[in-house]
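Note that chain A is present in both complexes that follow, paired respectively with chain B and with chain C.
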Partner chain A sequence: MKAEKRYRFIVHGVLILLSGVFLIPIIITVSNSFMSPFEIINRYSSTLTASNSFNAKGVMHFVQMSLIPSFVSFKQYFKLLFENPLYLGLFWNSVKITLPIVAGQLLVSVPGAYAFEQSKFKYKEAVFFIYIVVMLMPLQVVLVPNYIIADFLQIKGSYLAIILPGIFSPFGVFLIRQYLKGMPKEYIEAAKVDGAGHFTIIAQIIQPMIKSAIAALVILTFVEYWNLVDQAIVFIQDVNAEPLSAYLSRFAEGGGLDMVFAASCFYMLPTVLIFLYGQENIVEGIHLSGMK
Partner chain B sequence: MGPSVMTKKSVLKKFFKKEETVLMLFALPGLLGLLAFYVIPFLISFYFTLINNNVAKNFVGLHNFSELLSNEAFLLGLKNTAIFMAICVPVNMIFPLAVAMLLNKTVRMKSLFCLIFLLPLVIPSGSVAHFWKSIFGLNGVINGAFFAGAPVNWLDTQWCRSLITTIFIWKNAGYNIVLFLAGLQAIPKEYYEYAAVEGANALNKFFRITLVYIIPTTFLVFIMSVINSFKSFKEIYLICGAYPHQSIYMLQHYMNNQFSALNYQKLASAAYVLSIFIIALVFLFYRIQYKQAKNF
Partner chain C sequence: MDAHKKLILKIGLIFAGILLCLTFFSQTIFNFNLTSVVVDYAKAGAITRSADGKGVVDFAICDTYYAGIAGKIYLSVTEGETVEAGKILFSIVADLEDLRQDLDGYNRNGDSLDLRLQKARGDRTYEEEQLNRIKSGQSDYDNEIAKISLSMQITEKELADLKALGEVGAVPQKEIDNKESDLANLRLQYQQQAERKQKAISDMEKSLADLAYQIEETEIDISANNQEIERLTKEINAQGEISVKAENAGVIRQINPGINNGAFVAKNQSVMQTGVLSEGFKTTFELPESVNYLSIGDTVNFNVGSRSIYNIDGEVKGLVIADGRLKMEVQFRSENLAGGETAEIKVQDTSELYEHVLPNNVISEDNRGSYVLYAEMAKGFWGYEYYARRMDVGVVSHNNINSAIRFHSYEENIPVIVSSDRMVFDGERIRIVSGSDLIAIK
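Moving on to the complex of A and B:
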């Protein structure tokens, strides 16, 4: 029994250590967002300044990373939100791209998945196969048809070129259908016997039962498009129209070094909140899409 | 509904007919969108692979493909993407499996650990880009600690591939950990108990029970890892910039150049080559899995 205990202790130790390693980039980013802009410049600038040269080695100043700020300050956030209009503009661009996609995915996926699950159409699996093939294709491939159709519709420069393919991405239908497959058919049959129509069935039976599926879809879609980079490079030429996800990495070079951590944190906040709020759903969503 | 059997039947028949119509209407918007934005333009783009350019539109057969397959930039991108995948996919399977097995041994805090490992997945790549640059960049922590005399930007050396892989695993391992954990938890505990009674050691149990029973999960994890490995471009672009070291010049870099040059011929050919590559890979693995499943 003693060996068992020690074994368990080691397992937990390894896991805690690993969790620490996984969390460090996030923790540092968060804690450093509470440093004053002055402290950030001192710690992160490569050029020597009057106040950081004491720990310079050779010709350049190296990053002095620290978990804890010397002084806790909200100045980074203040600068970011009230003194630099570019930042909020780019943040708003991300919102304008992501929210329509999430809403559209839901509207298209839930009825679509329901239809695929309920239909007795002979070739429905063959049609569904198209969804799976498209889903397996990497972004590098699907961007080409996305681009061609955007060019044809003359929406290449607008967010629609990103939003419309996002709405019709096959992932939602696939995920929701996986959930529906695991649902007992009796409920739907019973409702049908009672004379309920499809709208009633979706609204009263399906929707409450697949709440967690919907939550998982919302979270996964939101996270995916909140982090979009590739499409922005292809479709958006104007820097001011870029989503922040694509610009964030150039923030420091663009004169925003003193508030880069606050910008990073502020941008991750929506996804982290949504993740913590729907944590069980996302785990369940991944489980279920894995269980088949 | 009418009292006689006949009318009841015909009403039911009508109902079913109507039911199918309603269902079709449900599926139609999504299906049309999928066809319009993905399938049809992709099929049409095959035409672009067969012509010389968008103005003259002369038929050139497979010339675009042969040119593509001798294009150095494309081949470099293809090679790097394949190498990245060959490293990333196994690592992104073995490491999560190991973590999932550890998690499966713990009693408490399973879901807390899962959450922690999943957290990087939801963090936008750009949000931690500056952290990674501060570690590996020219004036980064690594140089400050060990190479202050002759600092190197590690993100611009042959090391960048390993660094990007590490960052990629950091971000994507959680997904596979959760999948593997689900697979492991589905194995009945009795199997291990019988095996213990029969005198099997840990290694035996792992190869004879664990590995065998998580094959369906492994199949899924493999597919997801292959798909996800293409997403590495995001990390590369955000951390190493638009013009990275040539060992991480990916297919997407090549494609981006063709997008900005509006070269439909090269874009379409590359998309076709890539999709054939993916389909072949998935098909191959599906066959292997099918054969494995038959052995039960």
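Moving on to the complex of A and C:
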């Protein structure tokens, strides 16, 4: 009993430590977003300026990271929301890319997974294997063929070049099929006996039963495409059409250092809200789909 | 739906609502904070440079009149009076005793000069005779030379005899040597005497030349002295009064201070100046040194306001820069002027037609040179946006108001920022409050 307690203590200790490591960047981002722009420049500017030169040691200037702001200020948020219209514009660019992908994934993944599960095709497992291989490929590998195809379809430079590959990503089909595998087949058989077609079965039988999986798929897909950077850099040349995720990486260099933390906080808020909203579903969905 | 989810949903909706509102109005709010600028295009035009100057009118040529004799002066004219050629300007009544004393002085001087002339002529005759004697071989130099020559002949013969005896051993060698030495001395004496004769000839010739010059000079002095004697004699015969007449028609420019009717004037004292009307007038205008577009021979136009004379044309005769000012001498002809009036001039130079002319306040300058800020149009997220951009320019010409410029980078015209509600910097986003037809460069 004592050994078990000690084991638990150690495990919890390690987990708390790890969670702390993961949380520190987020905590720093949130707390530093309440620093004044002057303090941000003073602490984090890589070059000597009039406002940070008093921290200079010789000709060097060191970043002075701090968890607690010297003075709490909302100036960063004010500047971000009232003096930087481009930021807000690009925020909606991210929305314009992410929402169609999430919706498209739902439309494609559920019927796709159902087809894989119900099809009598002899080589369906082989095809599904290829699906999984594609899913496992690094993003940078598939970017090249995606680029060639986008160029062929003359959609390079538009959001479709990102949205179409996102909609047909194999991850959704894989996730839903794994969930369907655990679902009793008798429900579908009974529905067929009652004369229900495939559309009715998906809409009336399958969909209500895999809500958790759908929620998990929505959350995971949203997070993945909300944070996309590579595709935007490759396909979108116009700065004004970029999603916020791509712009954010250049935000500090482009003169936005004094509000970079507020920009980051604002940027991660939608993903946090979506996660909190579907927190239970995502755990259940991933658990039941066997992806644990 | 449990309370937790409701709360999250509420927060999400509020977040989305705030974002939507801010998105709609952020551009407007942001634009309020932008620097408002007015833009305009550089226009084609010329650069006119002008400057004002003043000068005092004077006569181009003046005659100066002096007192020919000492005495009491009586003026026949007043300052500013116009006189014709030949009009009596003033008379001088001399003191006869003084004139006689002067005449005696000149007579004595004449006698002295005559004596000096006679002596010089006598000296010249004597020198010529001496020179002729020397040249003809009758001088002491020639007698001495003849003596030395005879001695040399005797010594040479004796030396030959001694040498003949010496060969047979009848006389010692020392005696022969002594004789040879005597002969060498005689030859040296001969040479020296010949040189003395030549030097004497040269000296006499020089002396004769000096005497000739002295005679000539004395003759001139005698001539001048005789003229003075003649003049004084005439004045004495005329009871010691002279009148001076105007040589040219003109205006009495100035009667020297201290010269009044009945005043005593010394001989050769300046009495008055007349301006010669036929030669016109001159004035020297003082202008800023920056007026570098005038040259000698140019025609300029000016006014004499005090006499209500306008648009007088004059010719530039001289341009001199002194003490940081350009002094321009102008000659002209005009009526109703008496000299001493103030003339006012406004000179201006209109350049060739330049393609791009801007107000001076639009052009800035730093260590990289002159530049203007222009409005560049670029497509932004919310539509077209305007940015202030630097364009280096070269100032071709300028006056106090405008500058003619040459754009360094673009051939075509660009919308230049001509005013703003606060300082504008290169690269800054701006709001255009007036100006039209902006061109998209980016």
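As a working rule, the second predicted complex is superposed on the first by the 257 of 292 C-alpha atoms of A that agree within 3 Å, B and C clash if a C-alpha of one lies under 4 Å from a C-alpha of the other, contacts with A are read in each partner's own complex, and residues count from 1 in each chain.
Here is the rule we go by: a contact is a pair of C-beta atoms (placed from the backbone, for glycine too) under 8 Å apart; a residue touches a chain by one contact, two chains touch by 3 or more.
Predicted, not measured: the structure shown is a model, and the values here were computed from it.
With chain A as the common reference, the superposed partners chain B and chain C fit together side by side.
Of the two partner chains, chain C is the only one touched by A:81; chain B is not.
Chain A has more of its residues touched by B than by the other of chain B and chain C.
By the touch criterion stated above, A:240 is placed in contact with chain C alone, chain B being left untouched. With both structures placed on the common chain, the touch criterion links A:182 to neither chain B nor chain C. Of the two partner chains, neither chain B nor chain C is touched by A:157. When the shared chain is aligned, chain C comes close enough to touch A:89, but chain B does not.
Legend: residue contacts after superposition of the two complexes on their common chain; A:14 is shown touching chain B, with no touch to chain C. Between chain B and chain C, the smallest C-alpha to C-alpha distance in the superposed model amounts to 16 Å. Annotation: chain A residues 274 touch chain B in one complex and chain C in the other. Interface residues of chain A, counted against chain B in their complex, comprise 8, 11-12, 14-15, 18-19, 22-23, 25-26, 28-29, 44, 46, 57-58, 60-65, 108-109, 111-112, 114-116, 118-121, 127, 130-131, 133-134, 136-149, 152, 164-165, 167-168, 170, 173, 197-198, 219, 223, 226-227, 229-230, 233-234, 244-249, 251-252, 260-261, 264-265, 267-268, 271-272, 274-275, 279-280, 282-283, 286-287, 289-292.
Listed in rising order, the residues of chain C touching chain A in the complex are 4-5, 8-9, 11-12, 15, 19, 22-23, 26-27, 29-30, 33, 379-382.
Chain contact summary for the complex, chain A toward chain C: residues 81-86, 88-92, 240, 269-270, 273-274, 276-277.
Within the complex formed with chain A, the residues of chain B that make contact are 19-20, 22-24, 26-27, 29-31, 33-34, 36-42, 44-45, 99, 102-103, 105-107, 111, 113-135, 137-141, 143-144, 148-149, 151, 170, 175, 178-179, 182-183, 186, 216-217, 220-221, 223, 227, 230-231, 233-234, 237-239, 242, 251-252, 255-256, 259, 264, 267-268, 270-271, 274-275, 278-279, 282.
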